[in-house]
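In the two assemblies presented below, chain A is common to both, partnered first by chain B and then by chain C.
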Partner chain A sequence: MPTMQDFNLRKAINFGLIAGVISLFISVIGMTTLLSKRQLIAGVLTLGQLLIFLAPALLSYQAAEKSSKKSRAILNSVVAGLAAATPLALLILLESLFNLRQFFINVSPDLIKIINFGQGTAAGMAILFAAMGLIGLAMGLVHLLQPQIRKSIFTGLVVMLIIGTFSELLTERLRAFFGVEFSKTIFQSKALLPSVAAIILIVVTVFSIVWTKTGDKIKQRLDVIPAGQKRTIKAGNWVVLLAVLFLLPQFLGSYLTEVTNNVGIFVLMGLGLNIVVGFAGLLDLGYVAFFAIGAYTMAVMTSTGALGVGVSFWLALPVSVTAAIIAGVLLGTPVLRMRGDYLAIVTLGFGEIIRILANSDMLKSFLGGAQGILNIPKPEFMGTALIQPGQLYYVVLAGCLLAAFVSWRLSRSRLGRQWMALREDEDVAEAMGINLVKTKLLAFAIGAAFSGLAGAIFASKLTSIFPHSFNLLISINVLSLIIVGGMGSLPGVVVGALILVGLPELLREFAEYRYLMYGALLIVMMLAKPEGFWPSAIQRRELHAYEDPGPVPDNAQTE
Partner chain B sequence: MPILTAKNVTKRFGGLVAVNAYSFELEEGSIVSIIGPNGAGKTTFFNCITGFYQVNEGEIVFNEQKINGYSTDQIARFGIARTYQNIRLFANMTAIENILVGEEPRLKSFWVEAIFRTPRFIKDEQKAEDEAKRLLQYVGLAGLGDQLARNLPYGAQRRLEIARALASQPKLLLLDEPTAGMNPNESTEMMHFIRGLRDELGITILLIEHDMRVVMGISENISVLDFGEKIAEGTPQEIQLNQRVIEAYLGRGTSAGFNASKAAAV
Partner chain C sequence: MLKRLKNIDFLGLVLWFIRASIIAVVIWGSVATIIQNPYTTRNWIDFIVFGIAQGSMYALIAIGYSLVYGVLFMINFAHGEFFMSGILTATVLIAGPLSASGFLDEQPVWGLLLILAVSMAVSIGVALLTERIAYRPLRKAPRLVPLITAIGASFFWQYTFRGLYGSEVKPFPQIQALAGTVPLFGIDMLKSQLIVIITTVIMLVGLYVFVMRTKTGKAIRSVAEDKDVAVLMGIDVDRTITITFGVGAAMAGAAGVMYALVFRQVHFFMGFFPGLKAFTAAVLGGIGSIPGAAIGGLFLGIFESVGPALFLQGLGIPAPHQLKDVIAFTMLVLILIFRPQGILGERLAEKKA
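Showing the complex of A and B:
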């Protein structure tokens, strides 16, 4: 078996080549060219370049980390960096000799210009090798630093790159609040000024170092605070969080608020599916069905068009939720005895049936078939129609807070334990007196209720709905966001929705590659952080068994 | 008066008859063992009692009520609790949470109450938690409540499984090989513990066991199964001398004079 000592140059080269092939792949499918239109740091770095260098940087760092000796670490990371340059260098070379565009449509002169830094074939290749080697060297050197400092530097880098990535949005926001002049001191032509980027990097790094040094002390001080005061602090945190959420649209502006609303609708669905999959362990792949039922109920009830009844949003809302609950129970009943894969397939079918029914000619006179239902009014509140994203935001927020509150209370109750037991071992749970029928149906029904609520808000927000909005991908999206956030974790749902729904909205260039990114992200997540970004306690326990304090010694028993 | 009566219970899996016309009576407050070679149908019989399997013929009466036909969770609510041959705790839940799940049949609060934290819900949960801690103490695992079930040592897991079964305050406790995998000291301890359950809590105990030292030491009555059929029943002394039991364990043709207790202990 290979051990750490065995990490030799050959392995370093392997690591580098893998990274290089990843960069090559990203380039050849056209991502690099497309993303190069977005500048991170003015005149220094584009998103496309970052993407090329990302895999080599990460894997050369890995090469350094896996080496046993410090001297070898730097050598390995530099070698990995150089190896990572090879595939791209080959691309430059081949492109200069043959017309590669016949085979790879995306290998355009623009792409080559990005890879060879606009310096021609020979010089470009040299620069590429030098750049990748330097990245490897930097990674090797960073690896030698104290873990705390290393972590802080990475934090600084990540913050800087995130700010750079969203320069355009931030510029717009800064202009709205502080005027054009101020925004020009930080951003220039939709990118960070290099000097500001450096300042951000340094400030965040230093702050992070200071925080890790003093954070423990503060935590210790917090630990000795009496319980009553602790509760006050906790309540205070909640008040601050709610206040921020309440004021958020003021800061975000209408575009970002619109994005937030979309994220919110997915959070709502995620919270519902989280009960079904995360808490009760019932894999439901047809979750979009309840979303569709909520949306169509809202549409039929409120639409002012030919198909609608024309009642108010607030009257239709409970009806939509009830319809979803009934659908949840109806779906739940036949699948009570199914487990795992079988359950997944049956629910998948259910989701498709609902979509096909909505699309069918049979129900066209009620649901509008492929033409959908139009003229759905926006909700009204105290006589004013909630037209602006900033107004609808509060409807979405209220729904999310309600769902989160209910999930949180239930997870810490008898029903929550029943779901957990069901997830762990269905047979034993039943032998403990848990009524499986009731427990499962409650999970399906409550999950469906949240999804129906999300659907109702969705219909009213879009003012028109079509069957194709309710395809399988919505179910997959919601499931993915739960996995990325962390199964069974409430904050995880929010984090997952922000990453999988919010980010693609903000990175419009990604749109074409959205599902590629999903796939890559999910694979990386499963390998590196299988418990998700914000795991629940129980998930952490399950997946990090080897980090547990280990079995309790026998003598710990008290007789 | 018997607390549990099985009359001609038969359970077939396709062509295989796992339990064949088995009749059995269990006196309230007694400790009785079911023994027999591997595959004799002992665990199948347990599964029939708890409703995990539906019997093909015959009936099972618990506390003067016919229970076959009821679902597993209803039977648990009637007052029958069990443990498993291969420990089946909720591995990723803490010891306390495991016991809390075991208390299910006794909890009264409605799930909606949990959302509003009604006084009844809070009282119910508080009581359940106190009871769970008391049970943890009772089985000798005080202070380990926050440990994950799967991190507990083997012996402690067995005790926790029993604590979880006790949490429903059962009248009848079915133990499936409670001393499996234990060394002689541990199994002696377990014997005392099981006897304590009967003496202190008045719970009737039916156990499946392979360790003859435990079986002979603890049981007041023994029922022997072989190929799904009852071949003998009686006190430990009677069983030790029973010719058919010796044959079942060692095969036909064993010399008549062979010491049965020695043979059975193999």
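Showing the complex of A and C:
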């Protein structure tokens, strides 16, 4: 093939330069410095360093893979690695000549120390080139291995790095269950011990190699199980999943449960927006409005402060949801004739109007203006206030399960099919006799109901709410998570929420770069994987229909 | 008559109700304000002049939305970020050091031109990068896909520039030559606002001539008309779209300088609201039309600056200026609902939506 032969040194250099520019970008906006506080392997690797080397490693591997001959592969990957060092080396050089920090606040001495390995300008640049070259060489060598072994080594590396990243959390959990002594044998000062890291790498790699050899047989055996038994297994899986969900707070400890609660609230909102955007195809950027309405209704009704009525959580909950539904219908009606991008902008306008109104002096006597509403009590159940995250967890879980069940039933109902018809082509749907007004309003109303429920739980969880918590970023957050998970897919919502809400809370340093990652993720997903990480079967079929019309879509799942 | 009433459906009824209530509120508020008369004529003139200056800025940003919508039928959500990136960079890298060294007060014309050039160049750079990486591969994708990408691009650039220059608000230096007022038509106008208005008029006329009289402009118009036919006529569509993005971003970069002159501060989030409002202006004037963007921007600017005082003061609402964004967004919502083709536009929205 001509493309193979064309892959010459110039292209390898291009690959390397792209990787280097990515690393430079990550460094200059300050991610490297911030994340280097998190050690992965004690004394060996920090998350910041991993971030610098990740792009060069991946792209020099690509350079090796695109080469036609094996001898060329190693050369190409080394050259790509060396090229990747150039932008960072330039940064070291420039910083030593000018005071870059007066313009770019994140080009700090700390950052330079990370990039030049604390060795000064000339020596640091030399070490940087050597390190990047070695990474390129390593990637070239890995490329020469058998595909199976190569894959297993990568699996091992990924598992090791993930365990290292979450060292701090795992240390805390291990201490809680097995005591301090045991956790010290694995982790040291919130990082993996180098020896343990090596063991994990080797064990996982070996296990992965064994699994690829024997896994097929197990899969074959599973395939021949009769249909009746399969159904039992499936039902059994559900029971196990529910039991695990029910017992989860016991294992997680209060911090992780708190994170899980936050994820749950976003799952709830995600399920709602999934109906509006994923099922019915109505891009709603003002979704936070219903969240705000639910939260404010709950706050006004239950607060024991000056602004509140002081009724119980369980009485206020249905009222909050009803208020959100009414708002959904009211805001949905005028935009019924609108489509696509205009709808997105109008709903965005609605969301902002609600937030500005809540923030204004005009409604201050009702909603508290910028000072918000305080003294919202936590929900009570059977006479005990649910104060601990482990207790509130069950309220969130119940909400999520209810919403998931409703969504699941709806997606298979007549209404669900009407929504999907609407999403694909409004004119055709109307011609098929679908009542557009009713269908669209139901989508807005049900979506709003879930969001209102989430808002109500959110308000009583935080015990105080402020208008600035209800900004556009929440809508973007929810939209991103259903796109990352897969539009129209219920497990996708959970996966998306875990990745986009759970991860940033666990990696707290990351919080500052959260929306940068969201933005990048939205672009990358739309370019590379528009159906999301856990797509619904229908979406997958449609989005890839024009690429390979050949195989029957159901087979695609067994890949 | 009765028969016509019977034909009005539920939706029509709701829309009529909204129309009537908005008109009632506006009339009631205005009358009440005029009776109470809390402001002097001087106040009103100030409101209007400020509105025109702000509207000029909106007009310049709106051009970018209009041009891109014209050729790609896509709302470039990230356009506000093109506006922000230019002036933020120019303020940190150029205006700050120039002001510190005193150059900006000695040579205000050259200093401002340099700031303008850098701002426009950075905006163009950001726009072209975005177009090349995020938009071009998705030209044939379903309609929602580029919009979501654009939202992603918007947040990406916001937080990139936050990471580069920090999250705090940065002061734009005061230029001595632009401080104070000049008497004009019997009123004292702020020099900075006058400069903004004059520059905008020059740029808009220049742009109009470029689009209407040059060969490249003709190419842009023909791509907007029909891409397939444009290809047959020997027009490089990709290049033309790139140029369109560049021109729109250049206008946004210039608008950034106007913003800095009027408000004298910049920060990483400054692109978002002006971007949305400029989009409102573009829709108001009729998206896809250059004179429309200018008229829409002017109209929105005046409306936003006069509106809170005129409509809301009389209703007894405390601190009505807090609600000026509500007025802008309400206008956006109302236009999109009732007259999506805008003042001058054709019914593009219906045709392509």
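Everything below uses one rule, namely that the second predicted complex is superposed on the first by the 526 of 559 C-alpha atoms of A that agree within 3 Å, B and C clash if a C-alpha of one lies under 4 Å from a C-alpha of the other, contacts with A are read in each partner's own complex, and residues count from 1 in each chain.
Please note the rule applied: a contact is a pair of C-beta atoms (placed from the backbone, for glycine too) under 8 Å apart; a residue touches a chain by one contact, two chains touch by 3 or more.
If you're wondering where the values come from, they're calculated on a predicted model, not measured in any experiment.
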Touching partner for A:V180 - first (chain B), second (chain C), both, neither: neither
Partner chain in contact with A:N359 - chain B first, chain C second, else both or neither: second
Contacts of A:L521 with chain B and chain C, given as first, second, both or neither: second
Touching partner for A:L442 - first (chain B), second (chain C), both, neither: first
Partner chain(s) touched by A:E430 [first = chain B, second = chain C, both, neither]: first
Which partner reaches more residues of chain A (counting touched residues only), chain B or chain C: C
First, second, both or neither for A:Y513, with chain B first and chain C second: second
Contacts of A:R414 with chain B and chain C, given as first, second, both or neither: first
Complex interface listing, chain A residues touching chain B: 405-406, 409-410, 412-418, 420-421, 424-425, 427-436, 442, 538, 541-542, 545, 548-554, 556-559
Touching residues (chain side chain C, partner chain A) in the complex: 9-11, 14-15, 18, 74-75, 92-93, 133-134, 137-138, 141, 143-149, 151-160, 162-166, 276, 279, 317-319, 322-323, 325-326, 329-330, 332-333, 336-337, 340, 349, 353
Residue ranges of chain A in contact with chain C within the complex: 25, 28-31, 103-106, 281, 283, 285, 333-342, 344-346, 348-350, 352-353, 356-357, 359-362, 364, 437, 476, 479-480, 483, 513, 515-516, 518-523, 526-527, 530
Residue ranges of chain B in contact with chain A within the complex: 50, 52, 71-73, 76-77, 82, 84, 88, 90-93, 97, 100-102, 104-105, 107, 109, 111, 114-115, 117, 121, 124-125, 128, 140-144, 147-148, 150-153, 155-156, 164, 168
